[in-house]
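Take a look at the following structure, please.
Chain lettering (A, B, C and D) follows the sequence in which the chains are written, and residue indices restart at 1 in each chain.
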Amino acid sequence: MNKNRIEAFSDGIFAIVITIMVFEIKIPHVDITELNHALLAILPKIMAYVLSFVIIGVYWVSHHNMMHFLESVDRTALWLNNLVLLTVALIPFPTALLGEYPNTTTPVVLYGLLLAAVNFSGTIFWHYSTNNSRLSKKNLNPAFVKRVKIFHSLPIFIYLFAVLMSFFSTYISYFLFIGVPLFFIIPNPLLNRMLSKPFIEN
Amino acid sequence: MNKNRIEAFSDGIFAIVITIMVFEIKIPHVDITELNHALLAILPKIMAYVLSFVIIGVYWVSHHNMMHFLESVDRTALWLNNLVLLTVALIPFPTALLGEYPNTTTPVVLYGLLLAAVNFSGTIFWHYSTNNSRLSKKNLNPAFVKRVKIFHSLPIFIYLFAVLMSFFSTYISYFLFIGVPLFFIIPNPLLNRMLSKPFIEN
Amino acid sequence: MNKNRIEAFSDGIFAIVITIMVFEIKIPHVDITELNHALLAILPKIMAYVLSFVIIGVYWVSHHNMMHFLESVDRTALWLNNLVLLTVALIPFPTALLGEYPNTTTPVVLYGLLLAAVNFSGTIFWHYSTNNSRLSKKNLNPAFVKRVKIFHSLPIFIYLFAVLMSFFSTYISYFLFIGVPLFFIIPNPLLNRMLSKPFIEN
Amino acid sequence: MNKNRIEAFSDGIFAIVITIMVFEIKIPHVDITELNHALLAILPKIMAYVLSFVIIGVYWVSHHNMMHFLESVDRTALWLNNLVLLTVALIPFPTALLGEYPNTTTPVVLYGLLLAAVNFSGTIFWHYSTNNSRLSKKNLNPAFVKRVKIFHSLPIFIYLFAVLMSFFSTYISYFLFIGVPLFFIIPNPLLNRMLSKPFIEN
């Protein structure tokens, strides 16, 4: 199985998931005089959509970054990648739950656990692919490999902490859900250091 | 992040959004004797679909045109592009509202504001990418860069004017919503001048 | 606008339309003892899906064949192609109607008119692109160009005839709807002759 | 018709089917106090989704493997491939049925029959394409061709057996439905032998 095909297949799944979620936002069927009120009630669904759009966008970028440093993909890596895609493809479900029950613990728990699962499977994928330079490019810096592993697995703990916090206040959980992608989007020195020196110069 | 991947990802999202909207047009479940009548009532939804199809088609073309003149894409441009994609991906929602409540102000307002947001984010993307030739191709004509900026930002004002007009007559708003894409589809001297001389000859 | 991008965008739309239609076949929510009976009632929807799958498959193949003989695509051809895509993207709507009201005239009429519209816009696209060799490849045989035009426009008349027949018997219409794609799928001497000698040898 | 286009079109359909199925898992609309209970009731739907995700994943991999050994694709192979895609595109329907009626015979029967149909059409595609080296690459090992045929057609019998077993216990059927993809995912000596020596060395 060729690396480019897996990338194209993964890209397709990312694009479909990120787009189709919007169709979970059903328009209200009410009397015209009630429309504005009914639309306001939909606002949490739109916000849940935007949140998942941004989070999946970050996953898409980091998926590419990981793939970029691989030379090839074997059968095990292919199925570990499929595991990542499965967890990503499930995101619309807790997203719709979040939009419907925004201040309830259960949807926040499911959302946080699923995001943790995406990062967990992504970390396994990266670990397997780079371990002993199994599939990674030549001269890939072991320190860089480790840094990617840390940055990809750290959100697992943050998401699990958000799950825990949801039993006290869902607002703290949302704050954490929003914070993680923002860290990867907004340029910052920590991120720049992480992305530096991927290859060993010799 | 490589420019081609971003183009392919964006293309996927454009293709999905433009196609899936049609599934918002639900068939009626009525007695056969009522069917023709029920189908006539669906006509506004079909027209709303066709309108958004054409508008997204124009966005897709102008997205490619902008990408065509870029040499590369950096992290900031990537996320500005994702912002464009987010606004495009939201279009099915007010489109479905328009189809359901065609002569009501609120859906027209939301539709106009969202279209303005697409053009606004697209303009920011273009401004960022071409400012001081940050990501644009060599010899790109500054006058061309400016003309693209003007033509991409002008619809913002037209859409906002349509939003304003919707409080008086939604027909004026529809006239403007239809007029903007037609300007970019039907060959005209203004458009031809805009697209001329993208590069400085030396 | 580059020809490859338009092909990829069109392919995406064809793939999405052909696949998503299946989600119009809603599963029944009945008591288990009623399930088999309820599933039998869904059979027309499955058959309507299969019919549209095959018809869109034929359109996809002929779309590629036409594109194959073009050298480039200009603004007008791009929008004529978008017109083809718009008509194709609308197919799920009358398909769902056919599945819901299989023996009623109106859905058959709408289905036939839409298919005629696909072939009509495709014929215009081909005519525009090949007229005076505007966009077509060098040495393209004028007799071949004409044959493609005839074979692409003939179904228009057959579909319109099927529309007419639906007022007498929808079975005749279905027979014609099935016959057209089968002609293009099953190898036959007429088709082989049509596809022969696309280029003038010199 | 060029082989790459068919691969890209097929990839698109696989990616769409595998992703969109998740939208069949509708969130419950209940009182918050009932939410956890209502979500537990959805568990069979999520499990049905995961099962079909894995099965379609295996089909996608084997589709690529088969395509990989072909030199070109003719009109007949194109339509045999479309037959494979049609059966794959139908999978969401019995998957949704399985999720709704997990312990009922009919959905298991339909699911098993459809999976058997996917493998059957895939086997025909492979047989047609490789028979007398019609479309396959030079030096392709006849023993390898035969082994692929056996491994691609064996699941037909297992799925049909699962259909039969569903009249006694749907658990046996599920065990078989899960076992087949696992055989192709988990590395094992039988699979490794199958994939060995595709080409004759000379």
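To be clear about the criterion, a contact is a pair of C-beta atoms (placed from the backbone, for glycine too) under 8 Å apart; a residue touches a chain by one contact, two chains touch by 3 or more.
Keep in mind the model is a prediction, meaning the values are calculated, not measured.
Visitor: Taking only the C-alpha atoms, how many degrees of rotation bring chain A onto chain B, rounded to the nearest 5?
Guide: My answer is 90 degrees for the C-alpha fit.
Visitor: Mind checking chain C against chain D and telling me if their interface is mostly the same residue numbers on each side, over half, or mostly different?
Guide: different
Visitor: Quick check: how many Å separate the C-alpha centres of chain A and chain D?
Guide: That pair's centroid distance is 27 Å.
Visitor: What whole-Å value do you get for the distance between chain A and chain C if each is reduced to the mean of its CA atoms?
Guide: Distance between chain centres, rounded to whole Å: 38 Å.
Visitor: Which residue numbers or ranges of chain D touch two or more of the other chains?
Guide: Residue numbers touching two or more other chains: 8, 12, 16, 20, 23.
Visitor: Linking chains that touch, what shape results: line, ring, star, complete or other?
Guide: Drawn as a graph, the chains make one closed cycle, so a ring.
Visitor: Using the touch definition from the top, list the residues of chain D that touch chain A in their complex.
Guide: 7-8, 11-12, 14-16, 18-20, 22-23, 25, 27, 29, 32, 35-36, 39, 46, 49-50, 53-54, 57, 60-61, 64-65, 185, 187
Visitor: In their shared complex, at which residues does chain A touch chain D?
Guide: 1, 5, 8-9, 12-13, 16-17, 20, 23-24, 75-76, 78-79, 82, 85-86, 89-90, 92-93, 96-97, 100-101, 104, 106-107, 110
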